[in-house]
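In what follows, a single structure is set out as structure tokens and then discussed.
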């Protein structure tokens, strides 16, 4: 790690001009005028339209695929199937949430031996119009041998369950199984001795919870445009959280050299982790390579639900022991997460986060990664964490009740703090969890009265946050403006935050900085915009690039003044003599230096290529008031407050935006969202009508409290803020329902039929 | 499939185009007229990202056929600003950070404008119900509602 | 696919009668375009009926309202008089979809779609509305509760068109109401719907009532037993209990992605109670 | 000698060992030692292991210095949405 960056916040209460200010976002005007170009907004001359034929079965062997009639249809220019994608060795590479395996990826983008879920791609067509492409799909004959399927995670673990991959041998169990199963992996994280810990407990509570797969629900469907040239090079435009990962995956799947594939990210219409993997992109490239014409592909909403990556559904057992004065003595959990049709669920981070908010001596968490006939899961904000932390927070709430302790006090008593030994590995550095809980207690919301049938609940959440590989380049233009080139797609307003940091460093008006997000050929590698890394890591690189540009300018001025470079300092956007000893010189502003750049050595720029380390963990708490309609089971959210440690809010509006958006995704996940499958293993609610994401009319305002306990590893103290807000709400809402009704719902979503049924059972 | 000749007005400009009878107004706006500000989020009328005003009525352009545009007057997001003068709603969306990814923004703005033309002084509840057909997954709606209320206030004062 | 937008009813009927292929009528299109998009229908002929004047009118002759089949939810809601006399019918139509959908979805379309969960239909049944139909043989009338014969199926012939809906005249102390249960606050299909129209006398006794339920059977139901439970009462607790019980008893729903049999049966009773109270208060 | 703790999955790849002493001055030297001692860890070495040194997490940090009094934890790498 490059620790040469000064930790500015610790320099005292230095006045900040842009960091922490609500500046205008650079891409704002284009987005309110309809000018911004998203994934489906790009066209090229001679463009063809690609469409995918998808499996109507949950599990079937492909006997044959006959594309001859489709190929004969006028206007059809190419058809691709499994035969057009070379098989790949089993090889795991990092791709955001978890490792991905190219052997699996090539099968996910186009089914090979079998179709493994409803919606699995089987063939694709490129034609001169969408309607011809759709007609051609109907002319493709696929002969299937239908196989039994399995949808539920616990069913998939039984010995007689239909097996998706006969050669999948469970990892991490002893002895090594001799037969394939749906269980890809067992993992375990331990600390201390839980048996002893439970012996010390006065109260022990064990409960099992179920959650359903939910989708990120970004409003923009996946879209791309691929153009292959006869030279062997290709251009790809797409909506993605990481153009460099798209390049890596596509180059691998297409057998291309990395330098020959240029990927340009469009504006991205929401991702939340779901746009960290490739679906259409390799297919569009394959179709374009067959025709040497540009091929545009867009998914319908139905395809997005059926064939991209929702998050896992899961079964989670949690057992916690506490003393009568509220000290947790032992904590145990078993997590069974659906991976979908290929291994690689988020069970590992789920295990690592489960008890991470607490300072515990005895922990044992076991996780299982389980395959089912569903689409392969992808990340969804803090992948894995909401599920395990939901179960833990529900059990803790009940334990607080049992010992007659306030739920926040119980959490405060056990809160993780600097020096806490985590079960997942390290001791924590400075974290703001205690401050978050104290802010909850001192909020108006915490003290507000409740009416009949109303309840209040709280839940907390932890996420690691990450750094990672990042490049930034910055040109000082001849008129004194700046062009800032980053490689991190902006999924929530990060450009504004990054410009704030650049302006702060350079001491210039933030509106003189114009940021662009580069294609893969214009800037070095950048990891995904994921894991709450963008403002942290891209910010760090931006600061370093700005300081690099400043050093260049200082050197030019030092030459001009004929003094050593150390005698020139940079302050408020100008080079100045370090002291009167350095000589009497008028300050030179950035535009003045830029103007004479040709005479002083040529163009001026700054750049940074880093692998950002030292991300600061994020802790948050949600508090929610709800009202239950006891006759219908309907739950109305009345009031909602998010409290979270941001480290430092570089742009408070967009920090609040992350908190509010995450909270509402929690509300959806907790109350109504779920993948609903029929007995045939097919998804029944692949649209926004019956996949019920929250509406404006369902919600109150979402109050926010930004706590700032700086991350010592970032110059301004930034922690990531995007992931944590999706964790605490699931339990907060469950706890609120419990407060209102005395009932503990143990399955998500807590939809009206389930709540009403529970109310009736309690009455009976 | 034989095509239909349609004459229509979009943002006060007259257009003529040919379209297949199955093409929707959204397809036509985006693919034939190159007005890509209206977005396709679902194509089933459930998300509102394609909202436009047709003869004074707010509609989802994905639920109108291109052939039905004949003789109609359509307003899209591209017609909302007056030159470089943003509409107060557009300005308030920027001031309040009422957008994150921005994909739902054109539809939300078109809907909100239609609301304020009908009801210049809506309550928070009225704004929330009017915009129920405009899905946003990033913001939790909070800042959107605040921006609309604030724009309404400013427009009333003007 | 051929698209036609005739300006007379006769021309529309002629088009329908004259085609050998599959024809679909396009009104608001909020269901039809979704079906086209999903390849659930592939008609040879599309007849857009929105240019036919009679289908676009609301008339009031001596207190008898007639609403053209192509009147949208937004238009009905803006009509100065209908909402006063038939608030339940208006709220049924206005609950369909978003503001955007309201600008397009029509009263005739919701009826002809023949969904068991159609929102306006229970309100129309409660209102004792008559469906006016035109075909090659002339016009005929159908009681609204007889119009749908099953999910997606109507009693219309292939070449018939719904022209309008007409409503009986109302007494002074009469009103109606419609409520549905949905998991969210908007944008959902009714899990249960209930429309009740009633009349009360000067003493607050309910003298006439019609109770209809949606989404609890293969088509919207008229439930005379539920009406009987409140006729002759002032909607006291016992009457409401009887009403709820009768409503629940009438249900023969299915388990599906939107609700369970048990939930629908329970909530039908709950809604009937709530709707009756609203209609009763409005009538007073 | 540097005390190195192996958590969860990492320890599973290291025959269940949770704590070892390694003579090393950099993360890379620790990794080289682990490779030799636990062949099962090899396929995961490149991309799946992060290092925490005195509480600060490094996703990649071959050249990061460690000393006798460093507390080093190896843990699975995490990504995110």
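Order as written gives the chain letters A, B, C and D; numbering starts at 1 within each chain.
The rule is simple: a residue touches a chain if its C-beta (ideal position, glycine included) is under 8 Å from a C-beta of that chain, and two chains touch if they have at least 3 such contacts.
Remember, it's a predicted structure, so these values are computed and weren't measured experimentally.
Asks: Counting C-beta pairs in contact, which chain pair has more, A-D or A-C?
Replies: Answer by contact count: A-D.
Asks: Distance between chain A and chain D based on Cα centroids, please, to the nearest Å.
Replies: 26
Asks: For chain B versus chain D, what separation do you get between their C-alpha means, in angstrom?
Replies: Their C-alpha centroids are separated by 54 Å.
Asks: I'd like the Å distance between the centres of chain A and chain C, where a centre is the mean of that chain's Cα atoms.
Replies: Distance between chain centres: 44 Å.
Asks: Approximately how many whole Å separate the CA-defined centres of chain A and chain B?
Replies: 29
Asks: Could you list the positions in chain B whose residues touch two or more of the other chains?
Replies: 1, 22, 43-44, 46, 129, 131-134
Asks: Can you list the chain A residues in contact with two or more other chains?
Replies: Answer for chain A, listing residues that touch two or more other chains: 216, 271-272, 300, 688-689, 694-695, 697.
Asks: Every pair of chains that touch: which are they?
Replies: Touch list across chains, by label: A-B, A-C, A-D, B-C.
Asks: Quick check on the complex: what are the chain A residues that touch chain C?
Replies: Contact set of chain A toward chain C: 134, 300, 302, 631-634, 671-672, 676, 684-685, 688-690, 692, 694-695, 697-698, 751-753, 756-757, 760.
Asks: Which stretch or stretches of chain A touch chain B in the complex?
Replies: 22, 24-25, 27-29, 31-38, 40-41, 43, 131, 216-221, 267-272, 298, 300-301, 491-493, 653-654, 656-657, 660-665, 687-689, 693-697, 699, 701-702
Asks: Under the stated contact criterion, what part of chain A meets chain D in this complex?
Replies: Chain A reaches chain D through residues 1, 92-99, 172, 187-190, 216, 271-274, 276, 348-349, 351-352, 379-383, 418-419, 423-429, 463-469, 528, 530-533, 611, 613-615, 713, 720, 722-723.
Asks: Which residues of chain D touch chain A in their complex?
Replies: 5, 7-9, 12, 18, 43, 47-48, 52, 54-61, 64, 71, 73-81
Asks: Which residues, counting only chain B, touch chain C once they are in their complex?
Replies: For this pair, the touching residues of chain B are 1, 4, 21-22, 24, 43-46, 48, 51, 54, 57-60, 62-65, 67-68, 70, 111, 114-115, 129-134.
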